[in-house]
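Right after this note come the structures.
You will see chain A twice below: alongside chain B first, and alongside chain C after that.
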Partner chain A sequence: MLTFTIRRLLSIPPLILVVSLLTFLLLKTAPGDFYSQQEADPARSLTEVLRQKESAGLLHRLNPSQLEALGEFKDEGATWSFRDVGEKIPTILQDGIIVEHRLASHSLLNFQVGSTRYQCDDEGVVYRKVGPIEGFFSWFFNALSGDFGRSYKFNRPVFGIIAERLWNTLTLSIAALVIAYGLGVPLGVFAAVKPNSPIDHTAGILAFIGLSIPTVFSALLAVLFATYSGLFPIGDMRSLDYDQLGFWGKIGDRIHHLVLPAIVLGTSAMAGYMRQARGNMIEALGQDYVRTARAKGVPHTGVLFKHAFRNAVNPLITMFGYSLASLLSGSLLVEIVMNWPGLGRLVFEAISAKDEPLVLASVLISTLLLVFGNLVADLLLALVDPRVRLS
Partner chain B sequence: MSPISCHTSRMLQWNLQATFIWRRRTRFSGLLGFGWLLGFCVWASLSATSELNAQSGDSLQSAQNNANLDSHSDDDPPIRRKRIRRNTKLPEPTPDPSIPIGTPSPAFLGEAPDDAIVVNRTGTYGGRFVYAILGEVETFNPVEPKGATDQEIRALVFSSLVQYNNGDWHTSPDLAKSWEVSEDHLTWTFFLREGILWSDGTPLTVDDVEFSFHAVFHDQIATSIRDGFKHPQTGDLPQVSVDNDRNAVIFTLSRIDSQFLTHLGAVSIIPKHLWKDHLQEQDPTILQQMTSNSPPEMLVGSGPFVLKEYIPAEKIVYQRNPRYWKKDSRGQRLPYIDEIVILLVKDLNLQWQKFEAGELDIFMDLPADHFREATAMEKAGTADLVRLGVSLNTNWVCFNMHPGKNPETDEPFVDEEKSYWFHQLDFRKAINHAIDRDGIKRTAFQGRATAIWSSVTPGNRSWFHRGVTTYPYSVETAQRYLDELGWKDTDGDGVREDDQGRPIRFTLNTNVENNLRQQIGNMISQDLKKVGIDVNFKPQIFNDLVTSLRDSHKWDMILLGWGSGVPPDPANGKNITLSSGRLHAWHPQQAKPATKWEARIDQLMAMMDEELDDSVRKGYFDEVQELMGQNIPMLYLIAANSYCTIKKGRLGNLWPSLLRPQLTWNLESLWIRQ
Partner chain C sequence: MLWHRLRKNRLAMIGAAILLVLYTLSCFGGFIAPYSSNETNKYTVKYGPMLLGGYSIDKVGEVIDEDENYNEIILSTYERNWNWFEGGVHFHNSANEFTFRPHVHPLREYQSWDEYGESEYLMAVDRTISLPIQFFVEREESHELFSLCGFFPIQGKTHLMGLDTEQLPSDRADLHPGLFLLGTDILGRDLWTRILYGGQVSLSVGLIGIMISISIGLVIGGIAGYFGGQVDFWLMRLVELLLAIPGLYLILTLRYAIPDKLSPRQTYMMIVAILAIVGWASTGRMIRGMVLSLRESEYALAAKALGGSSARVILRHLLPNTASIVIVTATLYVPYYILGEVALSFLGFGITEPDSSWGLLLKDCNVSEVLKYNPWLITPGFFIFLAVLAYNFLGDGLRDAADPRAYLGLSKKAES
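Moving on to the complex of A and B:
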């Protein structure tokens, strides 16, 4: 089992390299970047936007001597070149004639020499666009030394931002997971013991309702319920006066806020586990060894839990492994609708705004969770089922 | 900023807002300067929630101020009311010496300086004011104002030399008690108030002011605040110097700049004694300071409040700055309110539920879906509905008139036949006549909007111009124009062909994130079908749209909007109006003005820049608006009406403004009625 674990752990680094590379390339493929919005803002000049991009590492500023080394190139039907005159900004020549930076910049907004793309701002400062592969590896080597970059939006190291919200999301997801398994598996087992009974049908209907109502909708219903019943808080993770509460008051307040979102999230996941548990149980109950056990006179509960359930539980454990991976991202919609200050919201926003360092960091965490979730599931499986041998 | 279509889940759209949101400049923080905001963002964002936009009712009402200018029921939206009240100015609250003073907690420290600004108000100390915003704190650092939220929240903590008064639409003194301008209008001397203290007790001096400007002007600091100060041609920045004897800061400009005070208001003054180590000559680290995880007590400012607590994605809590330096008319120090809580709620529905349940004191930018509920609350006497008038944010369509070619493929950006159509003035006139603005108003805005013909909406009482050509809805007129061009439907398929037999067929784009705009786009394409023009309406992801506007120029007709900043001065829209502008949508970044009228507009805008008299500037801009109205490169469509709600009788001294943040721009003089 030890070698198995080590082998699994060794597979993590290449996996992470591939996953982060793919994430990075996908982010780069879609048009625009984090600063597109700023470029669309009349209040900002191109000069400043390009500077922001430079400080984010998306552009690389060229000094005059590097520019002179570019030599002559063609753009918009004219021949251009730069001359290093010992000042901060080089002189720009169009067809051999010196032109003002501002005028030149209109033609040189975007130009290409060879396969490299350049951008020029209103003041004649020229930047080289950092390509996706180059950008990825500079991020990757920094990451190897422990620097995962600063979020473009928050201008702070990414893991600090994630850590702030990690626990909030985990609280919610784990509570939901407990509800999902705690209700789903027993219900599924009961339904399987008496298939086609009223219990089975009720559970089946509940499961289909749970599966078919989107969490967004049930979350909205929950908010409405909270508003009109007054029994539960309207969204949020804790109340405004949380700080004034005593220790137990704080815990009570948290639980009070947790109930609705956890139920919303838990019940929708519950349906899946319930159907899974029911199906496995029915299959197991129809097996020969169950009939044998019954024939031998093993008590009913013994047959159910010692023989059938232990055989039926394996797929549920595998599913548990996967559900660990979705701990961080699964609660996105509920977080938004019910204003839960979690990670899902942050990451979702980062993806749509293309805040690359933040996205990469969260993808790393999710990948790790997936790998560990699978590992835990496999180990649990070996623990529960003596037939499974890890080697 | 962001993909996602939002059918069921409007809440998904918030992601747009985060980045795009309007820049709300507040009088305190001063504006990040600049009047106009690219609306794709703006609308996309706030109206992510297209909800904002649909509103009705046209008059202003402030029950708080006991000044019901026009209290009528807004229950039934449509057209019944034709009368539009323009330029309504909400009255300034008046002091009432009979109200009790109360006890401030936390108490004030020391005495107010003799130089303190005296605000003509009275109020009672105490209370907690709770409201919600959609945004997220990106950073507390005032040197580079990022999102709109950041500006609003920093405005509570920092002050500037001058500030914009959203109530009377004028720039007024703040940290500077007065200023002098030299004969040639190039040297501005600002006299600082004496005796003002930072919230940590250190005196605020001219050195702090100079330091703050050095930070903003630092060559290696990327901040958009600097843009406004730059000379449009040379990029030169003003020289800043200090006159210790007169306690003054002197700015030497390289050109006359009518917007200098506006730009000045955007610069928050920061304490030199805490920040000086981070303004290095090379690679300054100042932008990495005061990020959202800094301890609150490190955020020392001279604004009315200090940060007490910030919990990411949950709330921001401020308490009174015990050393704030303004007084009311009874000599009591401001602010009145003990504590401000800003909840960070990213879903508008939830915000509304919270307001309805009484958890929030105000709700700004009332979305259309909640208008009925708001009027119901008004009738039930639990809330006041403030009718602010026509919003300054516009919706428009525009044709791609870029004559250039793609350098890589050597193909024109715009197909030759389309370019030919779009360049016909009569064609654009026909389109303008064919669009049923009233229909859009009724359907998409539920009657709560106003048709517009220029970038300046009737809500902008300083710059609105009545002389702009209008193109009222008339299918006949539109058809006549097209017939006169010789573009007729020759093959009977319902689509006109131009004089060379090419069917008039093109694409209309808008950003998919904005539901309201999708409705408008659909209506426009139906309207144009009626006159025999086949429009393929295709919403796109915002980033795609920006890329095609900026780089590929591959688009035919586009539907977007501009948002307005504070102050709503057209000089701030130069990126749009000037022919060299990056957002001169129909033909951006022209090396030379392509047409005579564009050249004239450039000239007028330059004249506006160097003219300090607003009435003369208004004359110039009226001409700009007329030229735009005659040549219609952009077809302005409609502007929503704007509403806010307030918990009944909750706040004293409210002075609602059409300019954002409508109710909270003067937080230091508001007080809570218990």
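Moving on to the complex of A and C:
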């Protein structure tokens, strides 16, 4: 068991490395980035935009002597070259004639020499575009020291933003799990005690519906219900007057906002637990030890709850690790429809805004959660059930 | 054998029937739909479903205003109310005589003024006129009567249903005939038509996606399971990599890497490709496990001993034996592809206007104000639910039919 844990833990760093490399490369293949729109905007200073790109690690500033070493190159039908005149910025020559920096930057905003790409701002400062592999390694070494970069959109370290949102998503997921266990397991056990009874059939149909209802649809139905009944708030995590509420008022307000999204998210998980609980319970009731207990004269409820139930429910308890991971993915749509400020909505917003550091860090964090959730589930299963051998 | 057991499973048969209906509807979508897929109409924006009722209008007040010549004029304030099962599809003609032919009232626009002199147009039914619904009507523009997700189209001009507008007074510009069984969307397009056309995308994405990812899964799982060793090790690490990233996050990241401006056909291919790339991993792992155990079976060893090549043993002997499980898993996984497309289109990264898909149709509902006043816009969600439910019914039945132990209600332990 210890070797299993160590081996699994050791497999996580390479996995994270590959996931981050893959995500990074995918993000870099995308056409354009967060700044392309700003570059094209004449109202913005190009110098400023490029400086921001440099501080974001997308560009690398070149000094005049490096530029002179580039030699002559062709761009937009003209021959260009740089000359180091001992100042901070080089002189730019077009077809051998000195041109003003502002004019030159019109053509040289994006240019290519060999396979390397460059950008020139309107003050004549020239940057080299950082390639994807190089960019990845500089990001990676920063990440090793705990710096996951700054969000382009929020201009804050991504870690702080994610921590906030992750907490919200975990709250929602755990609430959903509580609902799923609290309703699913008793219903499943109840159905198993009287198999093929009307209750069992109803529970079976309910399970099918719960498993099949798309989260988008159930979330929209919940919003519709909230608007018409007025019993629940329509979205967000807290009311507008949240700050004026007392301690208990604040807690009540939070719970009030949490109920509907948690029910929506918990429905499908609930159906899964219900089926699993029913199956496990039916199997447990058919076991020899149950028959023995009955033969000994143990009362019916004692057999059900002391002998069968405990055995049936053990594997279910350990399943929460897997469920947490799947809820993470499932909550994305619920968060968007019900306006819940969680990690899923953050990823969606970051992708829409092309905020690459934020997307990358969110994907990494969610992957870590999923992997750890699975590991914990495996370990719990082995702890609870001595028949399971991990190797 | 499988078929016999399946036929006894009532839920599975219901599922199969629902799927048959849904696929037939979408294949013949162009014929069944009363309109073409993108027929906007500014007069019929956000009108409720005629199958369920209609809007009536009441005059609630008057506003006195002046016209440009400073003459006093009286403007009316109207209030519109929804009536259940009244004013929608009905069975009498304009003279109020009963007929078997369904009729609908034309929509009439009312200009309602409020006390601030602002006006808005309200659409409600004109109860005095009933227009008959006609079947197999010819319309001027040609469209696809039948197509299999865009392939093998049959062109024609016939629509299953249409409105006979001959009885409509020609001098009334405020009357707008329309046959909106499930209501209209925010651009005045018939929702039923949009759902039919959307189903062509949403339902076929699932089938094509699962076929591609099962093929990839069969090849990679077969290779990994048969050869074992290093090949197996690295292929399984790849599978673990794909399974380690939460599904929807991976889908969105993959989508991010693809340019935004795509033709409809390209968008469709892109969605299928993304879903298949994300989806093959779990099937691949399952098939690998099965091939791993089948590899040592006598018939596989015999085939190898008789000089069968690796490809032959995998393709002719091992993979066919995984068929029943593959069919069951495929059926149970199709919903994930349908939901994947729905999620992508709903988030605005998939099918885009003016095309239609069930996810895209739901996107309009994401504004709670729009949803509140036009709750029928949620109908496409019901169709998604129905499709997923039917696949689950069928898949569950297939699983029971493929596994006789489960069918007979015996657990593995009880048998051994």
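By definition in this document, the second predicted complex is superposed on the first by the 297 of 391 C-alpha atoms of A that agree within 3 Å, B and C clash if a C-alpha of one lies under 4 Å from a C-alpha of the other, contacts with A are read in each partner's own complex, and residues count from 1 in each chain.
As a convention for this text, contacts are C-beta pairs under 8 Å (C-beta built on N, C-alpha and C of every residue); 3 or more make two chains touch, one makes a residue touch a chain.
Fair warning: this is a prediction, and the values are worked out from it, not measured in the lab.
Considering only touches as defined above, state whether A:30 meets chain B (first), chain C (second), both or neither.
both
For A:216 in the superposed arrangement: first (chain B), second (chain C), both or neither?
both
For A:353 in the superposed arrangement: first (chain B), second (chain C), both or neither?
first
Could you look at A:183 and tell me whether it touches chain B, chain C, both or neither (first, second, both, neither)?
In the superposition, A:183 touches no partner, neither chain B nor chain C.
Comparing chain C with chain B, which touches more residues belonging to chain A?
On the superposition, B touches more of the residues of chain A.
When the two structures are overlaid on chain A, which partner does A:336 contact: first (chain B), second (chain C), both, or neither?
So A:336 meets both chain B and chain C here.
Does chain B (first) or chain C (second) touch A:281, or do both, or does neither?
Neither partner.
Between chain B (first) and chain C (second), which does A:375 come into contact with in this model arrangement: first, second, both, or neither?
neither
Is A:103 contacted by the first partner chain B, the second partner chain C, both or neither?
Touch partner of A:103: chain B, not chain C.
Which holds for A:235: it touches chain B only (first), chain C only (second), both, or neither?
A:235 contacts both chain B and chain C.
Mind sorting out which residues of chain A both chain B and chain C touch, each in its own complex?
After superposing on chain A, chain A residues 30-31, 214, 216-217, 220, 223-224, 227, 234-235, 333, 336-337, 348, 352, 354 contact both chain B and chain C.
Taking the touch rule as given, give the residues of chain C at its contact with chain A in the complex, in rising order.
Within the complex, chain C contacts chain A at residues 11, 240-241, 244-250, 252-260, 335, 339, 342-343, 346-349, 359, 362, 365-366, 368, 371-372, 375, 378, 381-382, 384-385, 388-389, 392-393, 396, 411, 413-414.
How about chain A: which of its residues touch chain B in the complex?
30-32, 36-49, 51-52, 54-55, 75-76, 102-103, 106-107, 109-110, 122-123, 150, 153-156, 160-161, 164-165, 168, 214, 216-217, 220, 223-224, 226-227, 230, 234-238, 240, 333, 336-339, 341-342, 345-346, 348-349, 352-354
Which positions of chain B touch chain A when the two form their complex?
Touching chain A: residues 1-4, 8-9, 11-12, 14-16, 18-20, 23, 32-38, 40-41, 130, 136, 138-139, 141, 146, 222-224, 226-227, 230, 233, 235, 287-288, 291-293, 311-315, 341, 343-347, 349-350, 353-354, 356-357, 359, 407, 541-544, 546-547, 549-551, 562, 565, 572-576, 580-583, 589-591 of chain B.
Looking at the complex, which residues from chain A come into contact with chain C?
Interface residues on chain A, with respect to chain C: 15, 18-19, 22-23, 26-27, 29-31, 208-209, 211-214, 216-217, 220-221, 223-224, 227-228, 234-235, 282-283, 286-287, 325, 328-330, 332-333, 336-337, 344, 347-348, 351-352, 354, 359, 362-363, 366-367, 370-371.
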